[in-house]
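Here subunit A shows up in two complexes: once beside subunit B, once beside subunit C.
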Partner chain A sequence: MLFLSQLLALIRKELLAILKDPSSRTLLFAPALMQALLFGYGATYDLTHAPFAVLDQSRSAASTEIVARLEGTGVFHRIATLENTSQIAGQIESGDALLVLQFQPDFAAKLAGGAEAPVQVILDGRNSSTAGLASAYVSSIVAGYNADQGATTPLTIVRRAWFNPNFESRWNLMPALIASLSMLQTLMLAALSVAREREQGTFDQLLVTPLTPTQILIGKALPSILVGLLQSTIIFLIIRYWFGIPMNGQVWLMYLGLVTFTTAAVGLGLSISAIALTMQQAMLYTFIVIMPLMLLSGLLTPVQNMPEILQWATYANPLRFGIDLVRRVYLEGATLREVSFDFIPLLAVAAVTLPLAAWLFRHRLS
Partner chain B sequence: MAEISFKRVSRRFGNTPAVDNVSTTLESGRFLALLGPSGCGKTTLLRLIAGLERPDEGEIALGGQVVAAPGRFVEPEQRALGMVFQSYALWPHMSVAGNIGFGLNRLPRVEREARVLDALRMVGLGDMFDRKPHELSGGQRQRVALARSLAARPRILLLDEPLANLDAHLRQSMLAEFRRIHAATGCTMVFVTHDQNEAMAVADQVGVMDRGRIEQMATPMDLFDRPATPMVARFVGNGRTLPVTVQERLADRTCRIRIGDRTIAVPGQVAHGPGWLCLHPRDLSPSTEGIAGTISAVRFEDGYYLADVLLDALPEADALPLRLPGPARQGEKLRIALRGGWVLPRDGVPETPIAAPAEVRRGVPA
Partner chain C sequence: MTGFTVTAEDLRRTFDDADVGEVVAVDGLSMRVREGELTALVGPDGAGKTTLMRMFAGLLKPQSGRLSVLGIDVAQDPQSVQDRISYMPQRFGLYEDLSVQENLDLYADLHGVPMDQRQERFGRMLEMTDMARFTERPAGKLSGGMKQKLGLACTLVRSPDLLLLDEPSVGVDPLSRRDLWKIVQQLVDDEGLSVIVSTAYMDEAERCAQVFVMDKGRLLADGSPAELTARAKELTFTALPPPGVPARELQARLIDARDLVIDAMPQAGNVRFIKQPDAGDADLRQLLDGIETEARTEELEDAFMMLLRAQDKDAPAGPAPEAANTQRPATDDKPVIVVRDLVRTFGDFTAVASTSFDVARGEIFGLLGPNGAGKTTTFRMLCGLLPATSGHLEVAGRDLRTARAQARARIGYVAQKFALYGNLSIRKNLEFFGGAYGLRGRALKARINEVVAQFDLDPAAQSGQLPAGFKQRLAMATGLLHQPEILFLDEPTSGIDPLARRAFWRTITALAGTGVTIIITTHFMEEAEYCDRIAIQDAGEMLIIGTPKQVRARAGDGAGQTMNDAFIAVVEQHRENSRSRQVAA
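For the complex of A and B:
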């Protein structure tokens, strides 16, 4: 009882410190809202506008048909019709066209003769992911044409994408934001909490009051965790209802994962805070930590693509498992059993960083 | 209400001993001021009492209970002591009452509120309980900090340079406040300061520290009349030490010494040999009879002309501070009569004079 009432007093004090300050109050909501919208609209790899040029030396019905199909997608826009091969380079180099489609003079003849009739696609590889998408799109249109022509090709590839039928990159990215965007803030909030009191000179005062380090730890951690969950909720609501990305999993399971993940992040933040002597140091350390956490999280690039040693390093990264857990619960509808592995590293990080922070409160490295 | 005892306590930071083999006892209910130049270890000693630092060696006991010893450490929150910091250390987002009541959660609400009001009345801020720290003046903030540590009814109250941020007028009234509160509560108080006027005005015992050691712990009067070391003699009350020869220890607790071409009797208990004659401004007066000297500098201070006088017989020694009734010129010859003073033995190695901090040099001659 006494433990709880002392703890509540401390939590109240911490929340007051966060909420009473108008600037930090704005920081609680505005960035989460803005970043979620920005990422949703801005950070997309989807092919929405692909300018292209055509060099049709065959001038046949087949080539006209293929170009028409391409334009019919609404994604590809013809910006130029070329007369000879020397014009190709200019289109690509200037960046005007993402790709140039070339039909050689014998295209129609080869096609009629049943031989292989290549369509050349020259792509602007400087923008590799968009070019890759465009190339795949063109291939699928050509394949569709082939199929309609009475199956000269005996095999057709039918692609069916699971979890994200239209391959919208937003679908993949945005659930990950529920974990990653809120981490930025919780880490910072936790990192500043002890450092702020060190700087104000109130931390020693806190230590001589009858509060135990465990109480101080929980009192410092809970408000940051609450703020983190609040931010996750804002982002979750935007993703679910503004962008309308359907959720396949259980909300309670996602929140169970988020609580675990945020606790681990706060543990990290409090450890930083306990080492730092000033708020400035705490900020600096947070920035040093946050970049590798983001890069090694699988947010933007799959962890499987990283060198093995880095893959091992990601086991200490709560963000990796936070993102994995949220993504899988949100998109795949994964069950607790299926994501249980994600909880292990998260709990391990929390189990190390939180006691470490409590220890560092007392034994600041001098 | 609790005795403080140190047995051979040391605390080092790196290779620098901040507190060096200190053994001392402060009786319960006393008011001790720890006085010394910056970096002498006085604040570290205070933090050792509070439990904010751990001793590297030695044993600390509070009220007969060992709180720090090899293999034993009582955490600060269990030491039942109050601490007031130079920076006030108030939580900015909490009201005055919130700050004071923060450590009192173990008490029922009614009693807690009564304690807060009691403490506020004691420091003369009975009507300020719902103010925020930023609405208070520096002096009021320090009173709130004092009230906060009093509200917990500590056995020991520690004050770490509590007046350093206040102006001279406020300091005087706060000093009176500390004395009154000491009398009212009867708790053992330790007050750290580098200002000897503060120390002597407030405390019934003053511990003079230098380089991590307590040079002398005595009443303010004894520090003046019977300094234990040349450092204390120089540091306290704008003192000076002159190298003299002790000719004989006399029966009436005085020594016969030779200074220049004169032989005089001065209080002290030193056997034949080299000695230090310790002098304060109050021991010196201009006279027609006396030791010959030359004025090396004059300044007007506190309504007097204060001259630095070099004795003709000891031109290499400290200049003596002499109050003059009227203006004088540099280079003027005069004679000084000695009344009082104190003799200390002078060891083989000549003591390097300890540079007194600027505020000591400017200090009012007692």
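For the complex of A and C:
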């Protein structure tokens, strides 16, 4: 009972301190809101405006038909019609055109003769994923043309993408933000919480009270966790209702995952905070930590593509499992049993960092 | 002695404060400072000393009035003044990662000291500061006193026409303070340097040829120390309390009688006091109640206190202590603090070497020592902020190693600098700390109301914006909220003016009267006189523990000996002994 009333006093003070400080007050809502919208609109791999140029030396019905189909997609815009091969390089190098479509002079003749008639596509490979997408588009259009011409194709691949029927990268990215964006804020908030008190000298005053390290730990962690969940909720609502990405899984399961994940992140933040002597140090350490956390999380690049040693390193990264968990529950509708493995590394990180922080409160010497 | 280094006429300077509005730092001040002399600016905190110094140095422009330094109008041409003066601010900008020599080189470069003059100048500075042995040591690794000496050496890499020193001895222990003044004195004697120094120590002001007493931006008085001291002529006495009566109890009685007594301070087991010029003999006799008094030679400090008291007659004597009775509760024999063979090491550095002592209930126990002596380390171990390396440590009957939280529940702590939540109101701070100590509901409310009344605080005020004196009252209120058995105070009086210090000690002695044990560290040696017992540490070792009287006796006799002298003697004796031991070994 005494334990709880002491704890309550500390939690109330922590929340007050966050709410009273105008700068941390804006930190609660503004970044989550802004970044969620920015990511939603700005960060996309989808091909929506692909400029291309055409060098049609065959000037045949077939070549015109293919170009028309390409433009008909609404994704490709013809920005130039070239006269000779020497102009190709200029278009690609300047970045004006993502690809150049070239039809050889004998294209129509070969086609009519039933021979193989190549369509040459020159792509700007500097942005490999966009180029890859564009080339896939062009192949499928050519394949479609072939099919309409009654050309025999031995094998047809019918694609059906699950969980994200239109392959929209926004769908892949945004649920991951529920975990990753809120982590940025909570990590910073937790990292500053103890460091601020150390810098201002209030931590000594806190340490001479009968509060135990466990109470201080819970009192410092809970407000940060609450703020983290609040941020996740803001992002979740934006994704679900503003961008309208459908949720297939259970909301409670996602929140169970988020609570575990945020606790691990706060544990990390508090450990940083307990080590740092000043707010400046805490800030610096946080920035050093955040970059690898992001890179090794699978947010932008799949973990399976990384070298094995880095894949092992990702097990210590709560963000990897937080993102995995949220993505799978949100998009796949995964059940608790299916995502249960994700909880293990998260709990392990929390189980190490939280006691470490509590120990450091008293044993970190200035 | 013909010219004046500084001539000021009706100087005024204000600052805008977002919370308080306009603050007048220097208010219509006129003064003339003579050439080739040591001149002191004295005054309580917030008197405007630093502002004035910065205006002399051309770092701040006066808003009105005329100021000429070395015959140059500073406001018009600050650069030519700065080319000829040296200014040492309170916190001198040493580069902590650079060595002593590199710092000197750097400042010589900055001031454009010619190469051929440097070796001679450096040699002289290093010799005067006695730092030739430490030229390779990084400045950050020096003790506080050494840093201050290095700061002075860097300020003096070139030969200025005027030297400005802004409170050079704040936070510096008595030994380093003495060394610092030796250097300054030498410069004045040998080079005929003009020096203006601001200080809170009267013994320092006494060394100067001319003293300016300031308060609230105005000049209260000026003159030679002798002229100023004469103001207290025939008003100064020493009261001799009978054996068994602690000097501080008599002191408390005297200082509370404000109509009759201007000031009272315990000294050497007696109480020195200044009577009001118009105090009737009969009233005074009644107050003293048969206690013997002797006339005492007046000192500069007496005159200073008279000037300040005349300024704020209505200032409260200090927060009223909660229990008026100075009767001590029956003391059980069990000490409240037991320390046995306490050791603390940091790596291979021993900060505190095997230390043992006891503190009895209701005692005022002072921890004294030069900078880096280990008193802060000892203090932090006692209040549970730092784990001991080895040894036994018992506080309020609880072992600090096994029952830390229970031990902490019975102690109160007041940090050196303000350590409460500045953006929360006084009430929120008290509510939080009360809650942390396990108070809640009605009991918490009642206690908050009590301390708020006791320390005369406004619960709605935001704590970060309080004036320094009130911040300290809040810190005391917070420390006493849970009615602790022991109160720990870490240099509570550093940086506060003499009047506030008197008020503060009045509260402390009253608290001790109610049976609260007080553990206190301080740099002001005269404050040791308030303590029942004091402990002096040096280089991690406990040199002496005893009553102020015992400490003075041990230091060697001499009736007029101040605590400051006793302290220096004890530390030097010890250093001498350990040196000869080393030589013998």
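The rule is short, and it goes like this: the second predicted complex is superposed on the first by the 363 of 366 C-alpha atoms of A that agree within 3 Å, B and C clash if a C-alpha of one lies under 4 Å from a C-alpha of the other, contacts with A are read in each partner's own complex, and residues count from 1 in each chain.
Assume a contact is a pair of C-beta atoms (placed from the backbone, for glycine too) under 8 Å apart; a residue touches a chain by one contact, two chains touch by 3 or more.
Values in this document were obtained by computation on a predicted structure and should not be read as measured data.
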item	value
Which of subunit B and subunit C A:201 touches, first, second, both or neither	both
Subunit B versus subunit C as contact partner of A:65, first or second or both or neither	neither
Subunit B versus subunit C as contact partner of A:93, first or second or both or neither	neither
Partner chain(s) touched by A:209 [first = subunit B, second = subunit C, both, neither]	both
Shared subunit A surface residues [contacts with subunit B and with subunit C]	2, 5-6, 8-9, 13, 16-17, 20-21, 200-202, 204-205, 207-212, 362
Subunit B - residues contacting subunit A, complex	13, 47, 50-52, 75-79, 81-83, 85-94, 98, 102-103, 105-106, 152
Residues of subunit C defined as touching subunit A within the complex	346, 383-387, 405-406, 408-409, 411, 413, 415, 417-424, 428, 431-438, 440, 478, 488
Of subunit A, residues touching subunit C in the complex	2, 5-6, 8-10, 12-13, 16-17, 20-21, 200-202, 204-212, 362-363, 365
Residue ranges of subunit A in contact with subunit B within the complex	2, 5-6, 8-9, 13, 16-17, 20-21, 200-202, 204-205, 207-213, 362, 366
